[in-house]
Structures are given as structure tokens and as C-alpha cells.
Amino acid sequence: MNQQDKDTALDTFPKLLQSHVLERPTRDAIREKDLGIWQSWTWVEAAAEIRALACGLAQLGLQRGDKLAIIGDNRPRLYWGMTAAQSLGAIPVPLYQDSVADEMAYVLDNADVKIALVENQEQVDKILEIMERCPQIEHIIYDEPRGLRDYEHDFLHSYEQVQQLGIGYDHDHPDFYDREIAAGNGSDISIMLYTSGTTGNPKGVMLSNDNVIITARNGIERENLTADEEVLAYLPMAWVGDNLFSYAQSFVAGFCVSCPEDASTVHHDLREIGPTYYFAPPAVYENMLTHVMIRMEDAAQIKQKLFHYFMEHARKVGGRILNREPVSLMDSMLYKLGNILVYAPLKDVLGLSRTRLAYTAGEAIGPELFDFYRSLGINIKQLYGQTECMVFVCVQPDGEVYADTVGTPAIDVEIKIDDNGEIMYRSPGVFQSYYKNPESTASTKTEDGWVHTGDAGFFDEHNGHLKIIDRAKDVGKLNDGTLFAPKYIENKLKFFSFVKEAVLFGNGRDHSTAFINIDLNAVGNWAERRGLAYSGYIDLAGLDEVYQLINECVNKVNRDLSADSRLANSQIHRFLILHKELDADDGELTRTAKVRRNFVEERYTTLVDALYSDRSECHVETQVTFEDGRTGSLAADVRICDAQVFAQAAASQEAAA
Amino acid sequence: MNMLDFLFFIEVTLSGLMAGVMYSLVALGFVLIFKASGIFNFAQGVMALFAALTLVGLMEKFGFPIWLAIIGTIAVMIALAWLIERVMLRQLVNQEPIILFMATIGLAYVLEGMGDILWGSDVKVLDLGIPQGAWEWLYDKGVYIEKLEMFAAGTAAIMVAFLAVFFQKTRIGRALRAVADDHQAALSVGISLHTIWVIVWSVAGIVALVAGIMWGSKSGVQFSLSLIALKALPVLILGGFTSVPGAIIGGMIIGVGEKLAEVYVGPFVGGAIENWFAYMLALAFLLFRPQGLFGEKIIERV
Amino acid sequence: MISGVASAYELVMPTLDYRTGPYAPNGIPFANGYGDYLNMLNERDGGINGARISLVPCETGYNTKKGVECYENTKGEGQSGALVFQPLSTGITYQLIPKASVDEIPIFSMGYGRTSAANGKVFPWVFNFPATYWSQATVFVQYIGEKEGGMANLKGKKIALVYHNSAYGKEPIRTLEKAAEKFGFEFLALPVDHPGQEQKATWLQIRREKPDWVMMWGWGVMNQVAIKEAASIRYPMDRFIGVWWSGSENDVLPAGAAADGYLSGAFHQPGDNFGAHDDIKKHVYDKGMGLGDRDRIGEVLYNRGLVAAMWTSEAIRTAMEIHGTNEIRGTHVRDGFEALEVDEARLKQLGLANFTIPVKVTCENHEGPGKVALQQWDAKAKKWNLVSDFYDPLRDITGPLIAEDSAMFAKENNVSMRSCN
Amino acid sequence: MNRQNAAETILSVENISLSFGIMKVLDDISFDIKRGEIRSIIGPNGAGKSSMLNVINGFYHPQEGSITFKGETRKQMAPHVAASHGIARTFQNIALFKGMSTLDNIMTGRNLKMKTNLFWQALHLGPARLEELENREAAEQIIDFLDIQAIRKKPVGKLPYGLQKRVELGRALAAEPDLLLLDEPMAGMNSEEKEDMSRFIIDVNSQFGTTIALIEHDMGVVMDLSDRVLVLDYGKQLADGLPDEVRRNQDVIDAYLGVPHEHA
Amino acid sequence: MIYRETGQFKAHYQDDQALFPIDQDRYVIFGVLFVTFALVPYLLNEYWLNAILLPFLIYSLAALGLNILTGYCGQLSLGTGGFMAVGAFSVYKLMVAFPELGFIPLVLLSGLITAAVGTLFGLPSLRIKGFYLAVATLAAQFFLIWLFNKVGWFFNYSASGMINAPPMTIFGVIVTGPEANGVAKYYLVAGIVAVFALAAKNIARGRIGRNWMAIRDMDIAAELIGVRPLVAKLSAFAVSSFYVGMAGALYFAVWLGSAEPTEAFDINQSFLVLFMIIIGGLGSVLGSFLGAAFLVIMPILLKNIMVDGFGTDSALAAHIEIIVVGVLIIGFLIVEPHGLARLWRIAKEKMRLWPFPY
């Protein structure tokens, strides 16, 4: 009963903050590597900072329900901005810091942002550029004064100035702050996160305090997280995952969050902090693995042999050991030796040796990649989640981790598969509504609280885990009527380190074909080792040898597909290697690096047509945007290659042999 | 100052000059190697010992006639130069001077041990028929000059002349000079750096042989011969590490200076001052010309 | 091992050789003579009183630091521990003097090392018989006096000392200064720095000063160069006297004929025409166990090593007799040294008749007889010959000096004098 | 940026002449630098630009003329005295301390700010430790400012050229100078690196109010950055004025076009 | 491989600037200290203590001193033997004149006297550089040895010029003279070396050390950022000589017990210590120890292995020993020109990055 009271009392972030101030005043709440060391703030210090900032924001006119935009890298002051806004009942709206000004303009305008709390001059410049399109913006607050000395705008304030203002105000109105906090409750909107959306404009997902806090607490309960966890906050603050793992769970469980020094030092900082609880999208894990392999290739022969021998052994038994399945004594001893010689040092160099729990989410992760980390003894788990429910839909339970499923429903989550195969769920975390977008809200969330995920999937008959195939709307049919799940196949392709991105076509066609983006790093390295000369991406992508390499990858995927009766017909008949990397600046990718399939298909109609013709080459000219914002045009002759298609029977025979 | 004293003064001066030339013979080897490769060759003294030991060994143990023994020794020194380049220098290209210096110390150790094992540690008498003793004609006039040292001075003169011609007139010599200024430039002459090093170490080996013969004739060939290198050090600083005439003139200045000091100042302070006096003299010169008497003036730029 | 109980106990005798480094030419023959003699005892007699000698060579390179390491390394060797040390360098001797008294191992610095160690009351563990550098210096003065026609004629004469500028070379200076005072000759000390390859200045000074006699305390290459320089300035060789470390074949051979007539101190005969030498050839070299070349047996420094070995083995024999056991230790050997008496008769038994002077060592006198003779180089025959009788030292000069120096040592090091009754 | 009109003169150079032997390197040069401005010295190779900087910070001693820095007039001074009066500089050919890390290089730049004696330093306690920590923080500010956190503890010898230049700037800044002399800060850089460096120079000038005198070949950069430009040619003063004036000056145009030069 | 650095983060500058910021390094150091002070004296016999470890430690101290001058400040010196002699003769005169002051203060005082002498002989370094300076310091070497050999006052007019260390005690334990036992001497020397190695490390990582290194790496640039060459160079000479002087004092008083200047402190001594720091690693405290170990311990071990192990003739063993040392010197320089310390650092770096090569 008592517990219940307490829990209901702690229904907003400012209230959680106050509880930590009482419970663990001198423990670190947040750290940031700055000026060479990990500058740390205890809960008491953080609370004081937040209080001053909140009062300052109030002085600037931020009121209950107003929106505070937050733009920048992960920094304590920006996180504090969130709490400060929440203290006043205002709603923080974090934005992707690398968005170009135009993209920001839409969100800032759509969200009716009143004050923007930004990191530095770069962000200030962007906002100044679009100020007139966002008339609601009244103030800009910046953290880093560098370069802003000569800016003479009345609405531009430094963080310190605002805090000073706040301290003065607090002094004059000592009960203001506490009163504001007390006025908040669980049903207030806690945060507004914009989903990137593969089509159309981003939508502002409104999540209440209850949504966020209950979901966070459920996650903590399921994984037994404590106040002793170490977490590195390095993913964009606008991503729901960062908000959950680095902010909400920190406030609920009371653990400390560390912010890296600089984008260039993330890896180093990761190793220094040695997180016990870690989360990253598959791309990060993949990147890490690619680096491991590239670096190992430069090692001495004997070291390489040692490494590969033990990695092979780990692949055999490591996953089973982690799942606490029995292995032979010999294997176990060998694994222990491997742990001394390879696994433990490797984890240490990667910064993951203290990691108790690692999540991956957002995209399907390649089985090899997944097994690599698990075989090392890192408890990496997939989770399936969405912004609309504050992440958690499904999580893999400990000891039941399989590469091709996303696990069982999280605590308090109900899941059903509708007639079209689309996954739907209901949970305490389900969002209130899309901001100023009732149509979308209505089409996503049913009256009784079920949410359409837009993903197609099914529960595995054997273990009851959820399996995701693809976006529901992307699942189509070939002309012969069989299922066409492009994403599923694309992911299979992308599991090869040489393939960076793949786009499959086939819906409403006779067979499927693919665009491939090669990974410049991996293929480049591969080429250098073979002494192949190339001058850049276009050059490399056109090499015969590279085509051959990719062809092999495609063939392997085809063989895999041929083993599955439902997917055998989707084998890739022809493919091409794109002459340019798909780029968010050209609109080909979303800001979260997801392919915008339809856009790509429209943009490269000529190439798609060529894939379905019998031509072996196609000339294409493309508009591109350079890093500095200039545009230009890129012309190339792209070659098209036929892949090997397996008969269903032949493949199963081969697999048997 | 009476006549006798004056004659004695002349005698001391002349002896100093001669002794200085003997030092120069050793210093010359240092200069050659330093000039061509920037290496301060600590092993130069041991090379002199090694050459002399080989010479005596060939004569005594194998009964070679003098001329054949000399040719044989030169061949050994060239082979040694080749070996040094192969095994040591080639691996240490572009290292800092102090590292190369240290490597030559290792070389000195190896040569020292090898020499002892191969030829034994006894004192060996080296008699090539070089005239020895006082020069009678002058001795009768009251001035004492050692014939061996005059012979050494003559040899040194011939050697310097020979080296001058070698440096000025031959293709290899010009390459050597180029290499001293700039390794790249030498390559453009068309001779590989490796060849140049072998040549310069060979030449230094031959110079070491000459020094070994002169000093060995004086004291017998034995381990102590390698210690004459110490005598060459003040000569080097005074003359500059890169100057052949510097080595000769520096040697003379040091020789005269230390003999005069020992004879005229020594008795008042207890004697045996010539060692430190040589260094003090060199130091005094350096304070006015930090780059040595014949070194090039350095204009510092930033 | 099978040959019986007696041979189980080995007499450990480390030898601090120097067969490397700048002084190796001198160290090698000495070490050969020393080792050959003791090996001969093993082969001929089965050791000393039936106890075999175990030689433990340790290379010092005439380097004090290495010598100390050798001492520490070998002092505890075997069952007996080291019985006696022959340090073979002034520097090493000085190092070992204090250590030996603590470890109770006698030091036999035969004719070298610390002269004042002759005072057995202060230095109970150190023996430097048959004569010291100071005795030797006074003997040279007496020889000169004799050649000049009486000691009185020394007045007004000029005697120069060319010395190795080290502790060793400086040893005779004080004695000679005292002698100069006493006999009224002029004394001139000229140092030569190690290694001594270049002595031009020194000999120019001798040319100018024109001393009547030149003495030399030289070592290594310094000797050869000095003799050559002396020859070059035409200094009469028969007025040039070297200490007994400046009087070996090595020193004179490089100078060739010019060295003819050069003199040096000696306390034993050169040559190999003695019974002991024959035994060495027979029992050692014929068995292929010789340490050096057969034809170099009998060189001056070889004989010096031999005589050192002889006295040492005699001291051990004496110790065995005193204590009535073969199982002796360093402290017993000290007693053996202090009761050592090798007279003519004993020498004859040993096959060394007339090889050296009779020696008697006592508790207070560790220098023994202190007698020294002179030998001269015959360049034609390439051979040294003793050319004088054995002179007694001038104890009125050396006595007080020894007392003074040993007293100072005792004071600085808190050594209390023992009584010798 | 047009603050110099009101500002006082921080450095004035009067009738400086410098020669090495018979070679006249500088001939009767006079100019001044105002507090807070960015002053460029340009001219063809061998014009005496570097020598001018060397004269200002006391490395070369001119035969004639005098220098007034912060009101003190002197004919010459030792380089370390110049440094202690607040003149810092970077070098045409990077002159970093190659055996030390980036951080140590910058810390060395702060040596004038540190005073504790050998005894305390040997103990590394008390004042020495305190001083070390305080200055570490100051050095870190510079590292942060120049965005070189990732190479903080790397030995500078192995860094890429552009970064070395940046570290060198950092070392000069560490001294908190009143006058910063930059000798071709952008030599050998690509356009991106040049842009970064220009940014840093402007930031230094505006953020810390540091007066800057720089030598640079890239005319575009010079004209963009500078408040005033001095032109030297063969040791003589050719022109002195605002960038636009200099650009239009016929002598300058002749000097740059009439004589073949290595640079563009 | 052994290193596990994940999670070792620093929240304060004092932690980041600690002597051994990595935990594992700290454990190793504590281990080494434990072995040095708690195990070695009881596990090893007198021979090891007296004949191997004492000279090793004393040479390490001398090498440390020279490394300060040559390794950190870049001033090549060949006067080490001479400066050691200053330390030795100072402590001798002081021991005889003021025994009541106690041994350790006398050693420190000897260091100070040597520092003064060293500073004096450092004056030419303001004008002379590189090998020229090296050979110029030989003037100090030869002059000092000559002085101590010639002027009777220094050796209290003993007949041969030899000096003997009188017995002295620390807290009633005899540490000099023949009666001193190996353990006492070992503790004394190891203690002094440990304390001053720490001090050297502290100086080297502070302002003064950085100024030295600045002078070494680029003297002109150093001067232009305000490092005074006069102060930097002379302070390096002073501190270096202080260390070398103490080493000389211990060398004479504790290890040898008696010494004559011409042999104990001759030019070979200067070369030996210089070789130590080059082989060990210039500008590295660890390198000073490694270099001393290489040139003091290794030859003795080689000799003992050959003579005791294989029964090699001792003279031949000496020849082989010198050849092996020579070959090893060249070999090490080829493998890693910057000395054993750098080799160690590379190995450590490899360990830290294991299994990666970089």
C-alpha cells in the first residue's frame, strides 16, 4: 500500500529527481567527458542546475504546455533542459541535431516550439536561418558560447544567463519551482518525439509521463537493472531509445548516464566508461565487427590463426554457454582458455567487458553478427519496439535468445496479429496521440487502444517468440501470387559486410531484382588487399571483381531463400550496384538511415526498367547534394548482372550434402 | 731564454706536431665516416687494433711477406666494411646519430672479442722496417725528433693528398661528398647509398690500418691500441667532425698545446695534465667557434 | 673420488686471472705459471698432503669491479671455501683487504698491493712477502749508490721516477722522497696516465732534466712505450730501472735491440732450468693439460706465478701440519702463512734450488725478507739475467712509513691492533 | 572586426634594418600593430617576412631601429623575455616538441604561468600538484577550443600535418599572449584545413581579443582575415594599409606579377 | 592481453595525471616493490645482493641521473665518471670529517656538492651542442680525475691515493665498511633509489621536465615560448649531477668500500652509464633501470652460465661475453632503436590492444 503510494507519487520526472536527491544525494547522476576528464554531477548538483534552468525558462515565458525544442549532441545541459521543461509542465521536443535547417523548420513550426535550447553556434545559425518560418519561437538558448560573441540578438541567451535569471527568480519566488512540480502528474504529456516516417512529414508522438515512466519501470523490472548501471548516452536525443535508456530509465532506476566528449572519441569514451547496460542499432554492432575484422587482418599470422581458431570455437559453443545450455567439459575448458587469450581482451578493447545487457533494435540484425557478440559472452538481445509505445513491444528473454526472433512480449504488453498478418499491440506505454494530427492518430491507434505497428509477422510455433518479416505495407505479391517480403531479403543481403544497403523490387512483377550499395570501407579494404586500384566509390562499384564478389553474396541469399517454400520464388534474378551511395541529403534515406523505397524507385526509374529488360548496362544521370549543400549532377554507366537462381529441390539437396 | 732552452722549445713544439699527426691519423678515420654517414664511429680505435692484429697475425701465423700481409689486411678490412654495412648499417638507416653511435659501440665490442679470440691477447711485435729512434742529423744539432713519427707525418701527408684527390677527382669521391650534404643528392650521382657506405667504411678501415701500423710499431700490437681513440676525440672537436684538414690541423694544435702544457706547466701542478688539457684547449676553442675550427657556421632559422 | 678419503676434501683456490683487457699480456703468463704449478702438484703428488687442489679461475680483466664480483662469487666455493686469494691487482687488493678480514680468508698480494699490509698487527689477513714496493725502491737506491761508488756519491745526483699515474704507480714516491732526503739526491716524479701510449712529454722532460738514473713503476703498454722512448732519446739503458712489473719479456721485446741493458727488480730467477719446471712439463704439459705454450714456460711472469703458487701451497702445507688435518679453511691457511718458512733446503726439495730467496713470515712481519735483486735484459739472447745480489731493504726508511700508513688505516677504519705474542 | 581605429598601438616597429653579413634582409621597416587587430605581412619568398617576425620576438637582433611593445621601447631582447612579455608565435616549419604528447606540448606552452620550485615538483605534492592541475584545466580549454580532444595523449610527431599545425597554435595560445605571431599558419594545407584554421584564427581574435600578426601566402585568406596588410619585398616595405588599398596598390601588383614567384 | 581497462575512467585531473593511471600498472608496481623490499633480501644470498644487485641499483641511480641530462634535456654528457668521483670523494671527506651527521645526510650533501660542480661544468652547454658538447664534458671527466688523483687533501694524503670508506651506521645498523652485511646495504641503496626514481619521475612529468624536453626536442621553439635555456640546461645539469653524485657516493662507500679515482671513475665509467641509458631508453626512468640491468646483470649472468654451466674457460667466456653483449646491443638497436624501455612500451601497448595489432 505504502509502496503503491510512493509509486503514484513519483509520476513525473521532476518528482523522480527529487526522490533521488533524497535517496542518493551524493551519487553521480550524470557525467560528461569534458576538458579531458569525466566531469560529474551528483543528483543534488544536477537538481540544482535543473532548478535554476527551470526558473530561468519560466522567466523567459515557458509555461505549462509550451514546447521547448532541444537540439544538440548528448550533453548534460540538454538533458537538464528536458527535466527543467517537465518541471514547468512544458513539453520537451528533442530534434535530430544533424538535420538541415529545412527539416528543422517543419518540426519547429509543427510543434509550436516557443523556446529552443541548442548546443552551439551551428544550431543557432540553423535556427536563425529559419526563424521567420517559425514565428512562435521566442527565445534561443545556447550552451556553447564559442563563436557567438558577436551575435547581437535580444532573443539569444546563453545557458548561464538563463540560469542566472532563474536563480534570481527562484530567490524572489522560493516556492514557485516546487509548486510547479507538484502541479504535474502522470497524465501530463512528458515528451514529444517526432518519428521520421518513411513517407510524408514527421509526426509528433505525444507520450505522457505515465507512458514513459511505467514502460521504463517495466523494462527495469524485467532485466533487473539497478542504480549501479553505467550507461553511455551517445545516440541522438531525438530517438526514442535514447530517451528511454539514457533518460527515463536513469531517472527511474537512479543510475548514472555518461555523455561522450566528442563524436570522434565515442569509441574511446565507451571503453573508459565500460557500460554495463548498452544499446545500439545493428549498424553500430556491424561497424564494430567490421573494424574488428579489418584490424585483425593486419595482425601477425600467428595471432590471426589464434584469433580465428578461438572465434570458431566460440561460434560453436559460446552462444550455448551464454544460454546456459550444457557443453562438453573439453569445449568448456577450451572456451575458458579462449576467454583468456581472445574473448576477454577483445571485449575489453571494444569496451564491452562489463556489459551485462546489450540491446539491439530498430532493424533486424544479421545472425552472424548477432552470434558473434553472443559467442563472446556478451548478452546481446533483440528487442522490438516503436516510438508509439515508448519502445518496448517484445524483448528476448535471457536464455532464450535466437537470431531470427524478437522474443516474447514485454511486461504488460498484449500482442495480436491481425488478418493481414500485421502485428498489433496494446500496452501502458501506448502514446496519447500524434500532435495536431488526428487523422494519423485515428489510423494508427484503435478506439480500444490497439496500435497498428505496420509490420508483418507471426509467432514461431516452437518457442512462441515473435518473428518479424517486413513492413506490412511493403509485403507484396509477385505476379505468380507468392509472398514478396523485400525487407526480409534486403536484410539478408545486408548481413554481408560488403553490402551496405539493398533495395529490392518485385511487387507486382514476375520476379525480384535488386539495387546494391556496397560498403566502401569493407569492399575498399578487400580491394586493397587484392591490389585493385580504384579512385572512389563509383570506380570501385564498377569493378568486375566487385561485381563478382557481390554476385556471390546474392547467390548465397538465393540459396537460403530457395530452402523456404514461402520465399523461394522471391530469389533475386538480376541486380546492379548503384553508382552512388544512398544518402539522406538526397532524400533517399530517412534521417535514421532507412531506405525510402518508393522514392528510390521513382528516382531511378530508368535503372529499374533496365533491371527488367535484358540490357547489361544502363546510363543514368542523377542530381546529388554535396555536403556543403551545393547540388550537382552525377552521370554513370551502371552494369547489370544476372544472379544464379536455385530450384527449390536442388537447394535442399545441396543443403543436405 | 738561452739557446738551449730555445732549442728545447723547438723540440717540444716539433714533437707536439708529430704527436698531433699521430692523433690525426686516428681522427681521420672518424672524420671520413662522420662526413659520409653522420655516424660517430666509436669502433674506430678497435678497428685500428683489429687491422694491426690481422696484419701481424698474417705475418706471424701464416708467414706472409709484408706486402702480401698488407694487401691481405686491406682485403679483410674491406670485407669487414661490407659486412658492417650489410648486417648493421642497412638496418639502421635514418636513425638518430646517437643510435648509430651506440651501434658502433656494439660493433667495437664484437671486434674486440673477435680480435682476442682470433689472434690472442699477447703483445705482438710489429716490425715493418719503419725507421725508428732519434733522427741522428738533428739529434747532433741538439734537437730530438723521432723518425717513426716523421715517417708517420709523411704517411699522413700522402694519405691526405690521396684523399683529397679521391674526393675531388673521382666519381665515387664526388658522390661521397654529395652524400655528406644530402642522401638524395648522392643517389642522383648514380651510386647507391649502400655502396658508398661500404666504400667509406673500407677507406676508414684502411686509415685505421695505417694508424694501427704507426701506433703498433711504437708500442707493440696489443689491446691498448684500441684506446688511442680517446686521443682523437679532442682533435675531432677542435677540427670539426666533418673536415679532413680540420683533423690534421686540429691534431697539430692539440699535440703542440698538450706537450707545451705538460712540459712547461705540468711540473708545477704535479704533471699528467696533458689529457685534460687537450680537452680544455678544445673546449676553449669551441666556446668561440661552437661548430669546431673548420665546421661550417650554422645560421639558425625558424 | 675413488682414490680414498683424503681426496674427497678439495682445497679450493680461486684465481683472479686477467686474460683479457689492456693488461692481458701480463696476466696470462702469471696465471699460467700459477695454475701449472698447482696442477703439477695435483698430478705429481695428488695435491698437497693428499688433498687435491681445486682451481677456480675467474676472469677479472684487471678490472676492480669484476674482481670484487669474482671474489664474492668464489669465496664460498666448495667445502673448504676459498682458502686464499691472489688478487693480482692493486685495485682489487685494496677492495679485498677489508672484506677478507670479515670473511677470514687470507690475501696473498705477493709483492704488490698495499705496502703497509706488511704490518701484520694491523692487517692480519694480508701477506705481501717476499718484498714490498717500498723495499724495492730502497733496493734500487742502494744499487744506484753502489754503481755510483758508494751511497755518499748519491748526493747531488738526480733520480727520476716515471710512474703509472694510479695508486700502484704512486706507491714508491713517499719512500723515494724520504730516501732523497736521506741521501741528498734530487728526486723527480713524472706521472704517465693510463694507458701510457703517448709519453712524449715525459721523455722530453727527461731529456731536459737529464737525470742520472730513471726508475719506472710502469704497467702494460706503458712499459713498452717508455723503453722505446728511452731508447729514442738515447737514454742509457743500464741506468734505467723498472719495478718488477716492468721487467718481463713483453716489455722489452717490442723495443728490440735498443732495450739491451735495461734493468728491473726481481725476487726470483728467470728461465726454466729448474726441477719444478721439468715436473710441470712432464706431469702437466705432456698430458696436454698445460695452460699456456710450452715454450713460454720460464718467462719472467710465468715464474712469478709459479713462485706465488709455490709459497701458497707451502703455506697450506704448513697449515695442515699446524692443525693436523687436511680439512683446513681460510683461517687455518692464515696460520700457515704466519708460520711459513721456505728455506734453501726446502727450495731444493721442491726442485727450485736458488730459484728465489728464503722466506720466513711471522705474525707481525708479513713482508718476510724484503730482499730484492736486479735483473738485466740481454737483447741478443732475448733473455733476462740476474745481475746483482739480493739487497736488504733500507728498513730505517720503510719501517716508519709502514707504521704511519698502517696506523692511519687502523684509525680510519676503527681497527684495533692485535698483539703478536 | 573594425576595432582597430579606437584601439591603442600594441607594437610599433621603427626603422628596423637587419643584415647577415653582406646580405640585407630587412631595410628600414616601420609599421605598427593595434591592439585587437589581425595584421598580415605578405610578400614574395625571401621578402623578409619570417625575419620580421624573428626580429619582433627577439630571435634576430636587428642592427638598426627599435621596437616598442606595450609602451616599452627596446632595440633587442632575448626571445624568452619577449615571451614573458606576452608575445607568442608559431613557425613556418612546424617546431613542435616531437617527443611529447599534444597535451604536454600545450602544457609546455604554459610554462610561464607556472612557478613552483624543483623541490615541490620532485615531491609532486602541495603547490606543484595544485599548479599542475590548474594548468591542466587551462590546457584542456585550449584542446577543447581547437577540437583536438581525440589526439590529446598522442605523441605529436606522428600526427598529420594539419593537426600538428593546430597543436602548434594551441601551444602558442597556452601562453595567453597579447600578441600572437603566426608564420604561414596555413602553408601546405588543403582548402578544408585552411578554412578550419581561418575559423580558429578569427575565433582566437574575437574570443580572447588576441592581437594577431600573420604571414600568409594565400591572398584570399589574407584579404578575408586581415584588418590591415603590410607588404614586403626584398627586405623593403612596399605598402601598408587596408586589404582593399593594398590590393589596388600598383607596386604590389607589379611585385606579384612582374617577378616570377613560386607561389600562385 | 592482461590489461582490462574498460571502466577505468577518470573524473579528476589528479587521477588522470597519476603516475600509473592504469590499475594493472599500479598492481605491477606494487608487486615489484613488494618483491624488491620484502622478498629479494631474504631469498637471495649475499653474493647476489653484494655483487649483482648493489651495483645494479647504484648504476641505475647513475643512469637515472644521466638520463635526466641526456634523455630528458638532450645534453650529451661523458662526464659521468668524473661526477661520480666528486660524489665519492665528497662523501669520503664528509664521512671522515663529520661522521656525526649520519650517513644519509652525508650522501645527500655529496649529491649537492656534485650538483654544484656539475652546474659549473654545464656552463659550456649554453653555447655548445650535440657531440661537441659530449666531448667537451670529457674535459670535466679528465680534469676531475686528475684533480682527485693529484691533490692529497682529497684522499687525506694516503700513500697510494686510495680512499677507504670508514664504517658508519644508520639506526645502529652498519651500512658501510666490511662489516656491513648485504641485506642492510641492499635496503639502504634500494630505498634511496626507489625514492629518487619517484622524484625523477615527478620532476620529469612537471613543468621542469617539460621544459627540459622542450629544449631537447626543439631548443629554439622552446626559447620562443619562454623557456629560458640557461635555467633549463643548468637545472638539468644540477639535478643530473645530484643523482650521479649520490650514485658515486654509494658506489664508493657502500659497494666498493675503497676506490682510487683513476680506475673506479675513469672514462669507461662515463661510457658505461651512457650506454645504459641508450640501450635502456633515453628519456625514460624505466629505461635507466633496464639499461643498468642489461649492462650490469646480464654480463655476469652470461659469464656464470658459461663458466659454471658449460665449464667454458674463463678467458674464452670473457671474450664470448663481450661479443654477445655487442651483438645484443646491435640487435636490440635494429629491433628497437629507442631502447628497451620503448620495447617494453610497445609490448605493453600490444598487450593493451590485444588481440588487435594497433
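Worth pointing out:
Letters are used for the chains, namely A, B, C, D and E, taken in the order the chains are written, and counting of residues starts over at 1 for each.
The criterion applied here is as follows: a residue touches a chain if its C-beta (ideal position, glycine included) is under 8 Å from a C-beta of that chain, and two chains touch if they have at least 3 such contacts.
Just so it is clear, the structure is predicted and the values come from calculations on it, not from any experiment.
Under the contact definition stated at the top, the chains bordering both chain B and chain C are E. When every chain is reduced to the mean of its CA atoms, the largest separation from chain A belongs to C. For the pairs B-E and A-E, the larger set of C-beta contacts lies at B-E. When every chain is reduced to the mean of its CA atoms, the largest separation from chain D belongs to C. Distances from each chain's CA mean to the overall CA mean are smallest for chain E. Our note on geometry: chain A versus chain C, Cα centroid distance of 91 Å, whole angstroms. Centres computed as Cα averages put chain A at a distance of 57 Å from chain E. For this pair, chain D with chain E, the centres built from the Cα atoms lie 41 Å apart.
Averaging Cα coordinates per chain places chain A and chain D 46 Å apart.
Each of the following residues of chain C touches two or more other chains: 19-20, 28, 165, 193. The set of chain A residues touching two or more other chains comprises 36-37.
The set of chain B residues touching two or more other chains comprises 116, 121, 270, 272, 275, 302. For chain E in complex with chain B, the residues that touch the partner chain are 76, 124, 127-132, 135-136, 138-139, 142-143, 146, 149-151, 220-221, 224, 267, 271, 275, 278-279, 282, 315-316, 319-323, 325-330, 333-334, 337-338. Partner chain C is touched in their complex by these residues of chain E: 46-47, 50-52, 55, 96, 149, 156, 158-162, 164, 166-167, 177-179, 256-260, 262-264, 266, 300, 303-304, 307, 313-315, 317-319, 322. On chain C, the positions that touch chain B within their shared complex are 19-22, 24-25, 28, 165, 189-193, 195-198, 200-202, 204-205, 207-208, 220-221, 224-225, 228, 231-234, 250, 253-254, 256, 258. The residues of chain B lying in touch with chain E in their complex are 40, 87-88, 91-92, 95-99, 101-103, 105-114, 116-117, 121, 230, 233-234, 236-237, 241, 269-270, 272-273, 275-276, 279-280, 282-283, 286-287, 290-292, 300, 302.
Looking at the complex, you find that chain D touches chain E at residues 57, 59, 78-80, 82-84, 88-89, 91, 95-100, 104, 107-109, 111-112, 114, 116, 118, 121-124, 128-129, 131-133, 136-137, 171-172, 175.
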